[in-house]
Amino acid sequence: MAKKRRAAQSSKKSGGGKTRPSAELNAVIDDLVIGNRILYVQNVVDSYGHISARHPHRPDRFLMSRARAPGLVVASDIMEFGLDGELIRPDERPIYSERFIHSEVYKVRPDVRAVVHSHSPTVVPFSVTQVPLRPIRAPFLYPEVPVFDTRASAGWTNLLISNAALGKALAQTLGNNSVALLRGHGNVVVAPSVRLAVYRAIYTEANARLLLQAKMLGGPITYLAPEEAALMEREQSRHRPGHGSDRTWEMWKQEALARTGKL
Amino acid sequence: MAKKRRAAQSSKKSGGGKTRPSAELNAVIDDLVIGNRILYVQNVVDSYGHISARHPHRPDRFLMSRARAPGLVVASDIMEFGLDGELIRPDERPIYSERFIHSEVYKVRPDVRAVVHSHSPTVVPFSVTQVPLRPIRAPFLYPEVPVFDTRASAGWTNLLISNAALGKALAQTLGNNSVALLRGHGNVVVAPSVRLAVYRAIYTEANARLLLQAKMLGGPITYLAPEEAALMEREQSRHRPGHGSDRTWEMWKQEALARTGKL
Amino acid sequence: MAKKRRAAQSSKKSGGGKTRPSAELNAVIDDLVIGNRILYVQNVVDSYGHISARHPHRPDRFLMSRARAPGLVVASDIMEFGLDGELIRPDERPIYSERFIHSEVYKVRPDVRAVVHSHSPTVVPFSVTQVPLRPIRAPFLYPEVPVFDTRASAGWTNLLISNAALGKALAQTLGNNSVALLRGHGNVVVAPSVRLAVYRAIYTEANARLLLQAKMLGGPITYLAPEEAALMEREQSRHRPGHGSDRTWEMWKQEALARTGKL
Amino acid sequence: MAKKRRAAQSSKKSGGGKTRPSAELNAVIDDLVIGNRILYVQNVVDSYGHISARHPHRPDRFLMSRARAPGLVVASDIMEFGLDGELIRPDERPIYSERFIHSEVYKVRPDVRAVVHSHSPTVVPFSVTQVPLRPIRAPFLYPEVPVFDTRASAGWTNLLISNAALGKALAQTLGNNSVALLRGHGNVVVAPSVRLAVYRAIYTEANARLLLQAKMLGGPITYLAPEEAALMEREQSRHRPGHGSDRTWEMWKQEALARTGKL
């Protein structure tokens, strides 16, 4: 297993000065690999999209797969990046051109330990209309879900967040929120852990479906109140075995491994 | 098998004073486990939601899984609860915080022998709009499908029915109906048996989809008449092999076990 | 295999006076079993719905499964019925209460050799609104798709076509069309062969989805012209290997057997 | 493997005058077979629809399966056609009646090396309404997505593009675009390679779903600008391992083979 993790070895010095991965780092890498698979099996990402985790021992670094479809990611695909989006160790394998989404968010949001970027299918329509993605059941959509448009920041582009300037502008639009939309493209979802980022990405899509259907029924909609959302978030932030994202992770992990094979 | 059922042994005294499960209790537990799996495979529950059964020998108790994703439930997860939501036997494993949905309904509805709580996806939009979930094909939606809003009963909450007072208020809103919606959250479905509760939960979702689509087509909708519903319900209440919920159970059970593994 | 077909042996007398199934009868039974599985796998039927075939040697009889979920039907489930819906041979197993849909259509439509009754999900919304199910791509929806309402024929019922009088009224509403809707319930699809009935049932659902989506886009819709439909139907009625329903049958059969197991 | 490719052997003369397939031809045939399976697994084609490739050594010829459901195609099904839609070598097996879609496009579009024809489900509604299929995320929908109506070109037909005249009229409507719709029928998608044609066919369907949902949300829609689309297309046209259609092909291929079996 150790040899599969050549890309992420900067964790701790062993007695003889050799680096070896810590248990904590291994746990983050495992979650990252499973998180890639879950996002694919739950239809949040297709062949594109990515998920990263802040390095557990080096907050100025983050971990992310080489450029690959999330449903295929294995531990040896995980690489280590600095906060300018640079590879920490030389590696010939292709890397995600949109890694600046991750690096620039980690720079300005010390509370964030995981970032998902996806083309979540029911979320994109909200990015090209005037209808805000407001919470019916997903409390982390408060305070708001801002929409970032590359056109406003940088004029004509290929919509990809493929440099630090665009990543910085996106991070500014995101502000202290948990989710931002990218016009005609997808979204970015942040959280204090990989498991919670996966959870939020999946329920952002679910909430978008609920809201679309409520719009189709017509008439006024009763949204989740900010006060209710705050109480829900307080509950979710306490880790309790068998509850919250712990319960979903067990189910999603089993589904993901059944569909995409061994780690 | 007996050892897998440590949590639900209060059924009958054997000669030597030891308790052992009765065949009837075993049958209810089997249905409960399969019902959990079916609700997951038929997309009525995701990782959340739960189903309970009134204890066949002790109407003041009910049976329900420990806090776990329904798609993963096995017989040894089934625990026994009293009608105040309390565990009958000490158990360290986590339990559903919303067990009061079940306990309070069993208290006031002696006709109810099974309760489903789910976040049934197409049902939630009806809980946040003014459009009533009326029957197109599901007769048990009569007399009506009331909407329970925690905000009206208890002000700002995290929306969970996590105490007896909220459970009681919900049970009052449910009244003598078979289905009630929980605003921004899901629904509760009750029935005289586990199999019928599963049946109703699945066809509540199906009816919601039909009604949403009919709304999208536009114009007046011909609902099921109360007189028709009464005749349909009379038919359904007679257990006939090969008909009604007996036919669906055989199919759903096979699908559920194929997708989620052995019991 | 012969012993699995005890219910449908009235075909031909062998030399010694014993009846044994003919190759033609076996072929119809095989198609009927596969057709049941296909309709289930293609989501036209759930645990309800049924498909029958006119007996190839006895036009006053038809073949249909015992009362069972279509996805589970095997050859030994196939029974033989007369045109009053009566069982030809004594059999203790439960039978479909709605067999009169089939018997009454076979009585008045000598051209029909197969009948499907389903609760095809996107078709039902058209049965409860004023929006006619007109053809975008399915030529057999001409001349029209009438809607049969039990309420108009028989007042308050449980909506099931569970006697000859209701079956007769439905057959009258169907007239010379290929598809009729049953209000709040489902549809009936008829064809000159089992394979074509399966084909039409699946493309009726597909056309309903197309029309629903076109309605959602808004504005005028260009329907298939009756002249175009006539040319398409002429093509389809010629059996050509690799074309028309021959091509779809090969695919659907493989999918159905992969999902539902051996015959 | 060589014997499985009897239909497509015109590639190169070996020393002794015998023809044998080149590596390049084999690669195109492999992509074509996998492309058939992918389009089926991704729900762009059902049992109908087809994909072809221009012959890599003979630009006046193209390769396409015999008339068969795309999900079942194997290498030995691939045949070679001339640009009048004629078979190059005698073959008794049935062929697609709509091969003229392919032949006529190859005639007038030297840049095109692969053609997909499908009944892509969410695309058809756009073919029968006045709502243009404009790009939200799919840059290759520029300059525009014209709608071809057989009725305008040829009056009453069975809608099939089953002769050279109809194919030519369709190719004229397509013009220099990448996608054209066929009224009440489906679409045609062209590209400089099989992989890109598959990619475009799948994202045409995805864009149609996004646009339908955006329409349902209501209000003005921010489309992709032509300037943005041009920058995106420039990016996509550079083949980069791990990026663009290279990344999707790896994922889709694995899914297709898992679902439809060995090549």
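Should a chain be cited, it is by its letter among A, B, C and D, assigned in written order, with residues numbered from 1 in that chain.
Assume a residue touches a chain if its C-beta (ideal position, glycine included) is under 8 Å from a C-beta of that chain, and two chains touch if they have at least 3 such contacts.
Keep in mind it's a predicted model, so treat the numbers as computed, not measured.
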Least hop count linking chain B to chain D through chains in contact: 2
Interface sides of chain B and chain C: same vs different residues, half threshold: different
Separation of mean Cα positions, chain D and chain C [Å, integer]: 34
Separation of chain A from chain C, taking each centre as the mean of its C-alpha atoms, in whole Å: 48
Residues of chain A touching at least two other chains: 216
Chain contact topology (line, ring, star, complete or other): ring
Interchain contacts, given as pairs of chains that touch: A-B, A-D, B-C, C-D
List of chain B residues in touch with chain A within their complex: 46-48, 66-69, 71-72, 93-95, 97, 119, 121-122, 124-126, 128-131, 149, 151, 156-160, 183-185, 212, 215-216
Of chain A, residues touching chain B in the complex: 136-137, 206, 209-210, 213-214, 216-225, 227-228, 231-232, 234-235, 240-243, 247-248, 250-252, 254-255
